[in-house]
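Both complexes below contain chain A, partnered by chain B and then by chain C.
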Partner chain A sequence: MEKLFTKTESLYDLPTHYCPGCGHGIAHRLIAEVVDELGIREKTIGIAPVGCAVVAYDYWNFDCSEAAHGRALAVATGIKRVRPHNIVFTYQGDGDLAAIGTNETIHAANRGENLSVVFINNAVYGMTGGQMAPTTLLGQKTSTSIEGRKKEKHGFPLKISEMLALLPGVCYIERVSFHTPAEVLKAKRAIKLAFENQINNLGFSLVEILSPCPTYWGLNPKEALDWTRDIMQKEFPLGRIK
Partner chain B sequence: MKKDKILISGNEAIAQGAIDAGCNFYAGYPITPQNEIIAYMSKHMADSGGVSIQAESELAAISMVYGASAAGARSMTSSSSPGISLKQEGISYIAGAQLPAVIVNIMRGGPGLGNIAPSQSDYFQATRGGGHGDYRLIVLAPASVQEAYELTRLSFDLADKYRIPVMILGDGILGQMMEPVELRPKTKTIPQKSWALSGCRGRKPNIVKSFFLREGALEEFNKTLQKNHQIISKNEIRFEEINLSGAKVVLVAYGTMARIAKSAVAKLSSNGKKVGLIRPISLWPFPKTAFNSKDKKLKYLTIEMSAGQMVEDVRLAVNGRNPVEFLGRSGGGVPTEEEIINKVKKLL
Partner chain C sequence: MAKITINPERCKGCLLCVSFCPKGLIKKSEKLNKKGLNFAEFVLNGECAGCLQCAIICPDCCIEVHK
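== the complex of A and B ==
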């Protein structure tokens, strides 16, 4: 009989520590499934972020490194340059990739480092308790923008994916979302392409995921998915950017 | 047979020492007075199959070194004082993740942007860990271009042996001056690193991290770091001593300052004065055992290109048994031979 689905070897059989309705668990699984499908588990090296997914290596069954907040792409550069035959990816939130690590992000992309990036955009700092992120929407309330983000005071949501798309060293950028199962499957295809690009030595690839954070959006899990579909997507349109 | 020597600067000797030690990853950012290192690595690393990257910042350079070391490379970064301040984040993570790495600090005057004159005012930062958390680095201070070459080679072996960051602490004079150097054959065997990230083929996944959230876990881990520190403190003390027998005044100086102190000792000795010198080579671990004189009248005179930093370690080592005097200049000032001789004469 044909086997349609088996346990994902790259994912440990463990309950996660994430809040109900959080997108991290889905993103971890998609990466693990892609790694299995590409048969690269034994040569994959993941870089776990600082933030809610800090212990992502507790869930992934392959080699991983921690990186200081914002430095994931510099750490990944060091690993990939000395081990060009390994598959190296970073997993980073919006604060990590687009605030404290903007410099590392732009320059790794501009050097065309042959790396894959999974960028979790949930428009908020989760681990530290719901502060304003570089991608927080105008009007969105956080603990450091209690009346909602104001452009005069806080500036605008940063569209780092569009910025990176301008760089000649960048091979592929796509923005995806988790708001329906069909969108989740699209997200998986995007992640797979980002890994395949690295296998084919094509350079820097990044997948931005609009990922729900019900806890710090003050919504229930269903409302949070609807919010990514109805509100967040207007600021961060889905689709291939490069 | 007479060995061939080449005339190179201290900075170039450090770079060549790294390459000869099997360094296969370098990342740096330009800053005076250590620019010859990044230029030398850019020019020569590829010839030996290594990688050299000019990073976008000091933070990125040290993080690249973290990554390369995590992947099993022999890796190095270099900078000068303000840049070393920026690197402290990464150095703390390297120490916390028990990774080997070599960091070169060719010190200049501070604080702030300071100046580009030679200085020894980063001694506290270097020997106390420098970044956040309970950790130390091995700190080695060369006093000649040949020694810069040798200690750089040694630093890679120590980093791998103890899985600890090692700092070469020089100053602008050492970095810039040229001396004849005898090179040795390249290190052939680099230790196997079973903990390194290489892909988990045939083994369980390796994780490189410094994060210990469970209650008590970090305390437990830090005890292993401190045990390593104790072993290093026992095994890796290095110093040079001159004319200690019968000395009434013993100078204490490291690096460039020790060379000037050494000529003061030679002049004073030729005039019949009983003066000696202790030159710490390992600044951490500090060579406490060198300060073991039974003569209670002996005076130590610590000389530094700083407002007085190593003198605190000398006082801790002497522990009140003898007087410890200090002579120093800060902000790029270098105590002269004459100033040293005058000070010694007052103490005799």
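== the complex of A and C ==
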């Protein structure tokens, strides 16, 4: 029988440690598929974040490095400058890229570093127990905002993709979601474009993915996908930002 | 006719494939895997079109599609 769909070579045949219905598994697979489709497995270097995806390097069959919390883009800058012929990407969550690593993110983008960034926005800190993140929506209940996020006390959700789009060094930013299989394919096209931009030396590319976190949203996996479509996309609209 | 195989030990029972199969050919199993989870199961007598929606949405890459 002809195989229509199977695991790609850049993804190890291992069970992941993620919760059922977590978006990280889909994102890992899409990156692996893009790397294999572009034929760059031997020269790709991924930078894993701190957060739920801290052991992402266990699942990818290409070279990876770990970075201190939030410093993935600083490490990626160093690797890309020393090894400019390698394809370097970072994989970061919202706590990593938009909270502790905001400084590194903004300056790497402002320098126009020729890097690709996959930004997983799930509106909570997943690894540490579902605390409020900068991207948590107004009114959203988390373990540190038990009555919901209030703008007077906690400020507004941080739209880091829109902020980075203002910088001249940035060449491509798109926000995508996983709420249907068709949207997953759109997310894959966006990740592929971010990698192609790096291959063509066009500068800094970022793909923000609205990813479900069923465990800390208190929803089942299908409801979590619907929540990204119905609630999260009002605050974080999909589409190409730059 | 296409056919899918689901790895029962890899499946975490999120059942997103069940929600997105346009023909309703995947169901929650009555049996448990080694992790103690009700995994997703392919209904063998169905007419699978090989649309890949289940495999594309599966977060754990445990679905293979053959034709």
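To be clear about the criterion, the second predicted complex is superposed on the first by the 235 of 242 C-alpha atoms of A that agree within 3 Å, B and C clash if a C-alpha of one lies under 4 Å from a C-alpha of the other, contacts with A are read in each partner's own complex, and residues count from 1 in each chain.
The rule is short, and it goes like this: a contact is a pair of C-beta atoms (placed from the backbone, for glycine too) under 8 Å apart; a residue touches a chain by one contact, two chains touch by 3 or more.
Keep in mind that what you see is a predicted model, and the values were worked out from it rather than measured.
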item	value
Which of chain B and chain C A:P15 touches, first, second, both or neither	second
Touched partner set for A:G112, first chain B, second chain C, both or neither	neither
Chain B versus chain C as contact partner of A:E104, first or second or both or neither	first
First (chain B), second (chain C), both or neither touched by A:K7	second
First (chain B), second (chain C), both or neither touched by A:G148	neither
First (chain B), second (chain C), both or neither touched by A:E42	first
First, second, both or neither for A:I26, with chain B first and chain C second	second
Partner chain in contact with A:R81 - chain B first, chain C second, else both or neither	first
Touching partner for A:C64 - first (chain B), second (chain C), both, neither	first
Common interface positions of chain A, toward chain B and toward chain C	none
Residues of chain A touching chain B in the complex	41-45, 48, 54-55, 57, 60-68, 70-71, 74-83, 86, 103-104, 106-107
Touching residues on chain C, where the partner in the complex is chain A	2-3, 9-10, 12-16, 19-20, 37, 50, 52-53, 55-61, 63-67
Chain A-touching residues of chain B, taken from the complex the two chains share	24-25, 27, 51, 53, 55-57, 59-61, 63-73, 75, 89-90, 93, 97, 197-202, 205-211, 213
Touching residues (chain side chain A, partner chain C) in the complex	1-7, 11, 15-16, 18-26, 29, 178, 180-181, 184-185, 214, 221-222, 225
